[in-house]
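By letter and in written order, the chains are A, B, C, D and E; residue numbering begins at 1 in each of them.
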Amino acid sequence: MNLRSLISPNTQDNNYLNYRHNDPGSMPGTLRIAQDAQPTQINLIDYTVDQAINYTHLTPQDCASYLKTKSVSWFDVSGLGSQDILEQLAGIFQLDPYLLEDVVNIPQRSKAQDFSEQLLIISQMAIPKHHEQGFWLEQVSLVMGTNYVISFQEEPSKDCFDLVRDRILNNKGKIRSQGTDYLTYALWDAIIDGYYLIIESFRDSIASLEEEVIFNASLTTLEKIYIQKKELLILHRAIWPQRNALEFLIEDNADLLDKKVRAGLKDCYDHTLQIIESIDAGNEVLEGLLNLYLSSISNKTNEVVKLLTIVSTIFIPLTFIAGIYGMNFNTEASPFNMPELNWYWGYPLCLGIMLGISLTSVFFFWRRGWFKQQIPRNNQQ
Amino acid sequence: MNLRSLISPNTQDNNYLNYRHNDPGSMPGTLRIAQDAQPTQINLIDYTVDQAINYTHLTPQDCASYLKTKSVSWFDVSGLGSQDILEQLAGIFQLDPYLLEDVVNIPQRSKAQDFSEQLLIISQMAIPKHHEQGFWLEQVSLVMGTNYVISFQEEPSKDCFDLVRDRILNNKGKIRSQGTDYLTYALWDAIIDGYYLIIESFRDSIASLEEEVIFNASLTTLEKIYIQKKELLILHRAIWPQRNALEFLIEDNADLLDKKVRAGLKDCYDHTLQIIESIDAGNEVLEGLLNLYLSSISNKTNEVVKLLTIVSTIFIPLTFIAGIYGMNFNTEASPFNMPELNWYWGYPLCLGIMLGISLTSVFFFWRRGWFKQQIPRNNQQ
Amino acid sequence: MNLRSLISPNTQDNNYLNYRHNDPGSMPGTLRIAQDAQPTQINLIDYTVDQAINYTHLTPQDCASYLKTKSVSWFDVSGLGSQDILEQLAGIFQLDPYLLEDVVNIPQRSKAQDFSEQLLIISQMAIPKHHEQGFWLEQVSLVMGTNYVISFQEEPSKDCFDLVRDRILNNKGKIRSQGTDYLTYALWDAIIDGYYLIIESFRDSIASLEEEVIFNASLTTLEKIYIQKKELLILHRAIWPQRNALEFLIEDNADLLDKKVRAGLKDCYDHTLQIIESIDAGNEVLEGLLNLYLSSISNKTNEVVKLLTIVSTIFIPLTFIAGIYGMNFNTEASPFNMPELNWYWGYPLCLGIMLGISLTSVFFFWRRGWFKQQIPRNNQQ
Amino acid sequence: MNLRSLISPNTQDNNYLNYRHNDPGSMPGTLRIAQDAQPTQINLIDYTVDQAINYTHLTPQDCASYLKTKSVSWFDVSGLGSQDILEQLAGIFQLDPYLLEDVVNIPQRSKAQDFSEQLLIISQMAIPKHHEQGFWLEQVSLVMGTNYVISFQEEPSKDCFDLVRDRILNNKGKIRSQGTDYLTYALWDAIIDGYYLIIESFRDSIASLEEEVIFNASLTTLEKIYIQKKELLILHRAIWPQRNALEFLIEDNADLLDKKVRAGLKDCYDHTLQIIESIDAGNEVLEGLLNLYLSSISNKTNEVVKLLTIVSTIFIPLTFIAGIYGMNFNTEASPFNMPELNWYWGYPLCLGIMLGISLTSVFFFWRRGWFKQQIPRNNQQ
Amino acid sequence: MNLRSLISPNTQDNNYLNYRHNDPGSMPGTLRIAQDAQPTQINLIDYTVDQAINYTHLTPQDCASYLKTKSVSWFDVSGLGSQDILEQLAGIFQLDPYLLEDVVNIPQRSKAQDFSEQLLIISQMAIPKHHEQGFWLEQVSLVMGTNYVISFQEEPSKDCFDLVRDRILNNKGKIRSQGTDYLTYALWDAIIDGYYLIIESFRDSIASLEEEVIFNASLTTLEKIYIQKKELLILHRAIWPQRNALEFLIEDNADLLDKKVRAGLKDCYDHTLQIIESIDAGNEVLEGLLNLYLSSISNKTNEVVKLLTIVSTIFIPLTFIAGIYGMNFNTEASPFNMPELNWYWGYPLCLGIMLGISLTSVFFFWRRGWFKQQIPRNNQQ
């Protein structure tokens, strides 16, 4: 197995230490556009109870006109690479510089913050990778105003809002008859439910790690455990602050939200608790696997040393005896000089003694149970 | 011992990471019927102080009629596989979509939630397995209305409510003279007391693990410890949120409940504390066993290496001496060439020297205490 | 040392997981008399400021008559095996079924609970074992009524109330002039002070373990550490909830108690803090000892392997050289076939080379410091 | 690699245990000038909305005159070595003795404290080292008065306030139109943002450690992990109290600050949370690396012992057989004395048996998988 | 190095488990004079703004007379061995029995308690040992009354109040113009500042341990780490409750104290935080050192085994070959019997093959990097 391929995805997006920041001392509100940020695109879904229209590729000026209508407008801004568009938007929607800084200088810690005119929610979306274990994290910022919601995300291509769009456009459920707070909740709920998919992939990979540790442990197994723990750490860091943000909205700012929406957010909150608990449980199980692994190595070394000891203990004394009778003392110089060599039964006696010694050793080891299989065969490397 | 059989039950019901969820972005209230869910059955125990009647295999329409009576009606719904029946029930009892989602999309995190018309309690029931170590977890949802209690459970065949049924039908104690809140408490109390049975089985298996570690440790022992820890983890996750739910009812919603019932719930709460403490204690003891195990392996390796060292240290020098006098230097070519071979006492002297060396080694090891038994015989593998 | 004797006390009273419970679903207030429970005995000390009388072996009916007097009556009920007597008592004193359940179904978690007519305190008494390390835990329940205190304990023979009895009967201090709350405090105080004796025995045994680890470590040492940790765990579980119970009385129910008594309970509370801290400290020290132990084994293995390596490295090359000159190449077949065998200085030269090689090895090991004593002699097994 | 160079920077500025203190019992307000403290220098930036002037090398008396103006005066005091200047300053600005003690007796724990006339903020500035991994910590104390801010720092040469100076002098952003509280915030914000640079360098060095552990682990790797953990510990100790200080200002002393400034401090607070989380995450990853490392050593030892066992197990029995036929029993003395030596096929048979034995061993090891590569080549030392 | 001398100081004053207590059930207020307690001595410093007089060796009766004056009287009671003197004092100052018990039955947990007439502060003083690493803990109890302060300490000879005495007697600072609360603060402040001296000695010894672990690790090193950790534990237990006591005074009993004194206590509180943080940091660093140590042993064993494996792998096959040609097959009995012995180039060919095999082995090991130095020379034992 290629070890580098195992660690490279994490080295690449090593984002557990990676909050964005400005140069120390620079002005608040300074935007730092990432070099690989994508150009900004603005889509709009504008809906009332009766109808819903989907506009794409708007300019900031287009947005201004939709602002005045009574309908609920969801501006879906994806790609954070066009500084001028973002600043125009900030002007049109009268966004606070601190708000804009948090939205653009990704990644930020998830939070909910009340900017008198708007409510800002910063959230991390977890998207499973195709064809391989792991996930991408992407910051989604939701800005809720009086009759609009703006969602900012890093990449246009992938998000977990498709079902929400479908519900609005095809008038499924009650979403169209609700206000901006309900839309905000629906979007956030979709983000949080997305974590379950990741958790599920962990469940599978931990189950396969369990088998690997018990039946086929190698150093690669350990590295997989290490990587899983690191990914759980990243996931935990992404979901944990969202729990606080939800708490902030439900308890401290109850008046901003409709009662129905608050019930929904309570449900969201329960979900974050479930996700956090699952992550913690996964962590504990991985910790246990680690111990199992370390101990299995000790056991293996013990087995290997046992084999060496058995072979050595049996043969070293025998070799010594053979060495004795390979000495060249002159039997003619003295009757005491190795008379055994000339005995009639000398050689058979010598072999017999050797056999006796080896049988004694074998019996000794057998009684101590050293020949019992300690480890199932396919793990006995 | 078959290792796979040891881990398979856990791989199968690997439910420590397994909360149920909807697709991200789907409507709140969307039901996800599990594929292996059983068809829904409705039983009813309808009682007043004077009488109690047990009805089985009701249809949702039947339920509607019992709703209007003054008696306390306990609808026992088991099996969550029939979506239409469940939705009809929701209609008849006017259940909130969020409530229904939590009841049907199992497993959920345990909680108590107040839905103005109903009180929802989600709880996990632990049922010991027959003939083997371990337990099943099953979600039980209790919905308390004005004159009815609905209990939802996954499987019809097994629960821990038999004694409650017996108390109602045979009028034992004061249960019949109490209202729905008392019934709700009685059911929950039965669920929580069920955990004691599981805890007790842990006590036994930990005690046997203790002996195994000390007298007969093998890699299998370690895996048993690992599995025990995982099961304690699952148990902890099941009971912990119920503690919060009880706290929620006792402290924050005292007005919903009769004083008598509150005293009972306080008792329940004490029981959850006892159970959680027992789980924590079990965990700590297992942790200690793990250390004991790891250390016993190190000790064994030490003993094995000691044996190897003793044998090698004694015989390797002797073999060398034998090797010397096995050399073929021509004694006739020079008086310095191995004159010992022709000495009268050469061979006995040589053997004597060997004996001396080996005795010295043995004395050296004896003085260092290497011959003392470090480990009792039946653990000396 | 007999390992089984070491673990048996704990296997026997493996009570860290052992809270008592009813069958799931059974009525609240159901009594479960333990099979080995002792028959119930009732003693009474009835006192006023002026006199104190000690009655023994009362019947429940006797108790009823003492209830009406103005004097303070301490009913000392020991042995929880006679269900009828206990139920009669419950009737006479009008004890709540929940209260009786907690008193009889031992062991319960320590707590203080206010049952309008009575105050219930459940506490665990720690009694040192004679002639051996360890302790017994026994549940003591104190029921404080208007002019009486009932103490329930498991066994008649041993408790830590003798000094309190002495103070009442012989009018030492001010106890006789105080009410039932002071008596309750005095009893509880005696229970908590009893823990200090246990803590002190731990101090001694930990100090001796320290020496054992450093000078004479064996697997038995590790098991002793393990057992000590388990006993500290049991002790911690017994004292910890009493701290909460005291807090409950001092802070939340200040009005039930005289100011003097509250000061006393505050003192008790300080003592539980001291005991808990001592237990925690003991635990940390044992943890450190564990590390010391594990490391000393690694060190020993290192030393053993070093010895093996020294012996092997010195003698294996020499044996090889001896082997060379033990070969039987025909020196007459060719001038290149082992001419050394016929040299005049062949044998001395060969021995000289061997000496040179071995001295080189010895010098190599000496320079690396392998001959230095790493471990004091009496620990070098 | 030079180990000493690795640890020396930390031994030198071993400041994780290094808070400054007075002699026990000495008067509060006693100044302890560090021996290597630099002479004190006072610079001033004095600004109004319209202009900003930069004065350098002021005397304390100069300062007094600028105090009376309406402009905002930022006194930048660097170097804490001149006791007389510092005491003159304390006189002019009427600084509390406790305040002066905290400012001068560095290092102190970061905090914010309200001294009626002034607000004191003690903070730690982290400055990356040039050309090597690691950072310097320097205490910065901010004293905010009615129309002035005094910043005290240890060394004149390096700080992270350059961008703030630039913003004031060149009138960038709104800083000039704000009061002293905004300046205080801007300085503190610059200090806290400086931590991101350090965090970033950790991200890089942890990533390189990951590779080192997996592909090229040595004892040096472990020491690097140890040093990284120690530096994260130092960093954590420096930033953690600043979080509390910010909380103190935002929540408990909201009335001291302008609303705008409070929003900024809230932003600062979010940053400290991000930094602390990053440090915690770094710590957890290093912990994981440590396990990976320890396990890779065990694996290596296992591999080494395996090789030894293979070689020994194959050759020791063969050498024994060769030893047998090297014995000198007199074949003429008896027909039983080593007749094999005179057989026609004796030698080839003997070699054949040896070959058979060795092939059997090899097969045995092959079937157990001992020849499989466990560790990639470049890690197989 | 003498290990016993290393552990003996701790075995002697094993005071981390050593709170003093009465017999269970004994009266509150019972005094337990320690057997080795020193005779009680009373000194007095009596001062007003204008003068300060130092009296020594007072009797309790003397004290009574000074009580009536308006001056501030500091009674310095050292030695707690004279029960009658202590009880006379209690009578004169009307000390509560609980108070006296806490003062005399040392050691107690540090705390501050309000006894209506007096304020009791129990504190632990840390005094560095001369000429050796480590410290003594001594309980100091401060009793603050209306116009007097009594300080109780265990031993007359050593305390950290000398600078306070000097400040009073020589009228340094403002201490003489303040009341009893300021004196109490000054004494406590001196006690807490004394901890810094201990912390500093830890810094030095940890730095030297770091070097020892990296360059010269032995089992003694580990024991030093263990002892350091235990001493930090003792120190932590001594300082931690003082933090709570300070909090109790500053926040809950603000009305007892002058505003100036409260500022001083706040400063004290900051110091305890700094000390606790330093202890925690020291602990973490020691934990890291422990890992470093354990890993260095594993590394060393690995190196030792490698050497053994290299030597064995090179020479064992060679010895086998030598053994082959040492066999005595009769070359005349058959042309297949070891014809090599009679070959013209037999011996050189044999030596050549041996050389070839050994070079192959060496190359194999070289390519795997086994000859690289893993550990610096002076650590390679």
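Going forward, a residue touches a chain if its C-beta (ideal position, glycine included) is under 8 Å from a C-beta of that chain, and two chains touch if they have at least 3 such contacts.
The chain lineup, named per UniProt: A, B, C, D, E = Magnesium transport protein CorA.
These numbers were taken from a predicted model, which means no experiment stands behind them.
Trainee: Keeping to the contact definition above, tell me which chains border both subunit C and subunit E.
Mentor: none
Trainee: At the interface of subunit A with subunit D, does the proportion of residue numbers present on both copies reach over half, so same, or stay under half, so different?
Mentor: Shared-number fraction below one half, so different.
Trainee: Take the average of all CA coordinates in subunit B, do the same for subunit E, and state the distance between these two points in whole angstrom.
Mentor: Centres of subunit B and subunit E (C-alpha means) sit 40 Å apart.
Trainee: Compute the distance, rounded to whole Å, between the mean C-alpha positions of subunit D and subunit E.
Mentor: Measuring from centre to centre gives 25 Å for this pair.
Trainee: Mind pulling the residue numbers of subunit A that touch at least two other chains?
Mentor: 294, 298, 301, 305, 308, 312, 316, 319, 323, 326-328, 338
Trainee: Chain contact topology under the given definition, line, ring, star, complete or other?
Mentor: Graph shape, chains as nodes and touching pairs as edges: a ring.
Trainee: So if I start at subunit A and go to subunit D next, what's the full loop of chains?
Mentor: In ring order from subunit A, with subunit D immediately after, the list is A, D, E, C, B.
Trainee: Across the complex, what residues on subunit C touch subunit B?
Mentor: 3, 7, 10-11, 14, 16-19, 21-29, 98, 108-109, 111, 113, 218-219, 222-223, 226, 229-230, 233, 237, 290, 293-294, 297-298, 300-301, 304-305, 307-308, 311-312, 315-316, 318-319, 322-323, 325-328, 331, 338, 340-348, 350-351, 377, 380-381
Trainee: Write out the stretch or stretches of subunit E touching subunit D in their complex.
Mentor: 160-164, 166-167, 172-173, 175, 186, 189-194, 196-197, 199-200, 202-203, 206-207, 210-211, 214-215, 263-264, 266-267, 270-271, 273-275, 277-278, 281-282, 284-285, 288-289, 291-292, 294-296, 298-299, 301-302, 305-306, 308-309, 312-313, 316-317, 319-320, 323-324, 326-330, 333-334, 336-338, 368-370, 372, 374-376
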